[in-house]
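Chain naming follows the written order as A, B and C, and within any one chain the residues start at number 1.
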Amino acid sequence: MSEVVISAQSVGKTFGSGAGKVTALKDVSVDIFQNEFFTMLGPSGCGKTTLLRLIGGFEQATSGKILLEGQELNDLPPFKRPINTVFQSYALFPHLTVRQNITFGLEMKSISRDAANARADEMLELVQLADYGDRVPNQLSGGQQQRIALARALAPAPKVLLLDEPLSALDLKLRKEMQIELKRLQTETGITFVFVTHDQEEALAMSDRIAVMQSGEILQVGAPRDIYEQPTHRFVADFIGDSNFLRGDLVDAANGGRAISFGEGRVVNLAADITPAKTKDVSVSIRPERLTITDANAPLDNKLGGTISSITYFGTDTTYRVDLDGGAPVTVRMQNGDGATAPFGKGDRVGVVVPAEAIRVLVD
Amino acid sequence: MGKLFRSKRFWLIAPAVVYIAFFMAVPLMQMAYVSVLERGDYGGGNLGAFSFDAYVNFLFERDLMDNLVLNTDYIQIFVRSFGLSAMTMVFALLLGFPTAFYISMQSQGRRNFLIFLVTIPFWTNILVRNYAWMLLLRNGGLIDGVLNWAGIETGGLDILYTPYAVSIGLTYTYLPFMVLPIYASLEKLDHRLVEAAFDLGADKRRAMKRVILPLAAPGIAAGCILVFIPCLGAYVTPELLGGGKFMMIANLIGSQFGAARNWPFGAGLGFVLLALVLIAMLAYSLKFKSLPEEKI
Amino acid sequence: MKVDASNPLWRFRGITSTAMLFFAYLYLPIVILIALSFNENRLATIWTGFTTDWYVAALSNDDMLRAAKNSLVIAISATVIATIAATLAAMGMSRGRFRGETGVSAILALPLLVPEVVTAIATLLFFVAIGIKLGLVTIIIAHTVFCIPFAYLPIRARIEGMDPSLREAANDLYANEWQAFRRVTLPLLWPGILSGAMLSFIISLDDFVISYFVGGAGATTLPIYIFGMIRIGITPEVNAISAMMLLVSIVFVSISFIIDRIRY
């Protein structure tokens, strides 16, 4: 991996005092690397925006420290940090033209007017709004304002660009376009992007790495594929995509590996050799699309018996709700073949095949 | 404390607050103090020892035998002030509510313009506004002239320098204060609530009585207070349209600093007026959790 | 309410006619006053012809001009001091909540709550007690007090309507506190400040009661002068001066309203 740009070390943040005290971040540590698209993902109130504002210098950490390339940032005001922000509301200065907005940061750094204007043209070109320099922000559409906010924040060539839910005000189609656009800008400029969102799809589509946050803590950091396929916490598995959660006991498998027992001989083998903290009543997650439904009597390993309780057709796939023997319901999502009618009906007794590598044993 | 003086906010707010505190809050406290002093031998700024004379004088006077006897002159002025203010408040409400209702049903642009029209007189000189009514009301004035021209022989209207003239002038002066808060509460009213009332069988009268009026109540109450209170302290209107013959509280207070030269008594009256205002404000804010001024 | 007034469902009896009566009541005296100020006839009621003589007479009246000059000096001084204090206070009040905020708001609203005549006599007693000679200075001091809330309210409303992330954005783009104020906050606040200043100016120019009590003999303002004239009797010259006062107020409020509606 390349060099660490931002390093948060045991950062805590509380607001207010006494009875009104709110803990926004508790002891968060994370490293963000050079030239990566790093996303902080979580529901509102999870502390992601607070962490972003701490990095930007708009709030001061209660404990711990934040380093930029090894230098401690804690006491530097925002205007002394080589970090720029794209605000959720864009915060474009309404009394200035687009060009004046973009050159604002350059002027503050005492860059000559000519150089600043040249840079502004370059930035306008970059965000594909070359002819819009003389407009004022209120004459622009939401998507255009978004691009100008990006151009303005990128113009001073910051070491890190912070983006606070910048796409949340856009409609779905525009948001998809801007996701691609943001990724392109990040690759083209080579600047580290730190992106905050509550939209898991957005996070998966754009990020090099994602930090999933809940209640002021980072639960898991990893590449989108790791986060999706190997969630460590129930919260992560639930927040990102759909998941089935089952509880069972860890046992030794017949083949010498590990297996999980859901009681009364309903045992499925696990792929990797795991050493969890406990063996009784552990929680596992299985993505619905990794399950398959077969004939109840098919001679297959890792098969659990059950009854189909409902079937929902979704075009590209069909979702089956299966009540497993022993009570727990699971959701199975199977792709629809070309023209084939669903081979199973409601009330049928079926087998649900659980591939060993699809089972994730969770921490909680 | 050290932290306070180092905070930027403190230094931003301090000038305005200190200025008002020093030149208004302190004088008000000092006024309360003066009201419990004796009137000096020469009156005016010449003040004597501690005494409740000012408050005793309000109800009693000393007769030739130096006994205290009840004197209702001042009480009459208070009663008249309350009566005129209440009358003005009712007139203003009767005119103001329908107007506010009318404005609230117009298109956005028209509303802004009409509200602007309502506020303009507030910003014009109060003497000029009252003077205009003198032109209209006096004998041989415009109204008199029009009536005579129409064949109604008035033989002189004789309305100027009467309580009626004062009430007309007060209503005119404080009318905007009734319309603005009522309009503010009607503007916020969700018209679907009225439609729901219609849907549930209420006719217009009942929809007005059961839905619109109750929901506009905070605005109506604010309007009433904002008309009543300044009326109670009105100085110019009774002076001009009452011709000085129909004193209200403020004129009585003023006269203590003029001809009567009894400053402690004037200060005491001022303090009573202030207390009445603050009690009304307090009652409103306890009931509606805001100050009436915030409704404008 | 957002309703179509032409929909019969929303026609309540007597509403439109009362509103018309209201506006007639509000503007008839003003219109009549202005009309009479151009009436050639000295006895007002009968229109005998158009003349501007009364304006000429008013504008060549030295006493009136001296009073007008006093009023201008007072209004400009009070406006400048009040607007600066109000701008600073509005900025201080906008930075989130703090302990004692209610008390500070109450003090800032105090001049609006206290009856004018009470303010007038309390201020008079205070000036006499501390021994300041009554005159222009005492009027300016007293006017500044009640001008502060009038200037404060529109400025405060501007700040409330301002996206707080604009200032953060300026900081983020390397502007320090002062640069962020000068380059972002002040330009955005400007219409509010101007509007507040204009309102202060008219309120001071129009004030009668407070000037009357704290002015003393030497400092006759225009309203005090007009009061004196009205007491003596109704003359066409008073009509002309009154009409001019009206005009100045209306022009200033209109400008203030227009400025206040500037949106970027």
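Operating definition for what follows: a residue touches a chain if its C-beta (ideal position, glycine included) is under 8 Å from a C-beta of that chain, and two chains touch if they have at least 3 such contacts.
Computed from a predicted structure; not experimentally measured.
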{"item": "Shared interface partners, meaning chains that touch chain B and chain C", "value": "none"}
{"item": "Chain whose averaged C-alpha position falls nearest the assembly-wide average", "value": "C"}
{"item": "Rounded Å distance between chain B and chain C, as computed from the means of their C-alpha atoms", "value": "18"}
{"item": "Inter-chain centre distance, chain A versus chain C - centres from mean C-alpha coordinates, in Å", "value": "56"}
{"item": "Whole-Å gap separating chain A and chain B, where each centre is the average of the chain's CA atoms", "value": "61"}
{"item": "Where chain B touches two or more other chains, by residue", "value": "none"}
{"item": "Residues of chain A engaged with two or more neighbouring chains", "value": "none"}
{"item": "Residues on chain A engaged by chain C in the complex (per definition of touch)", "value": "56-58, 77-80, 83-85, 87-89, 91-95, 104-105, 108-109, 136-138, 152-153, 156"}
{"item": "Sites on chain C touched by chain A in the complex", "value": "163, 165-166, 168-176, 179-180, 183-184, 187-188, 264"}
{"item": "Partner chain B, residues of chain C touching it in the complex", "value": "1-3, 5, 9-10, 12-16, 18-19, 21-23, 25-30, 32-33, 36, 43-46, 84-86, 88-89, 91-93, 95, 98, 104, 107-119, 121-126, 128-129, 141-142, 144-145, 148, 152, 199, 202-203, 205-206, 208-209, 213, 223, 226-227, 230, 234, 238-239, 242, 245-246, 249-250, 252-254, 257"}
{"item": "Chain C-touching residues of chain B, taken from the complex the two chains share", "value": "8-13, 15-17, 19-21, 23-28, 30-31, 34, 45, 94-96, 98-99, 101-106, 116-121, 123-129, 131-136, 138, 140-142, 144-145, 172, 175, 179, 186-187, 189-191, 194-195, 198, 204, 208, 229-230, 232-233, 235-236, 240, 249-250, 253-254, 257, 263, 266-267, 270-271, 273-274, 277-278, 281, 291, 293"}
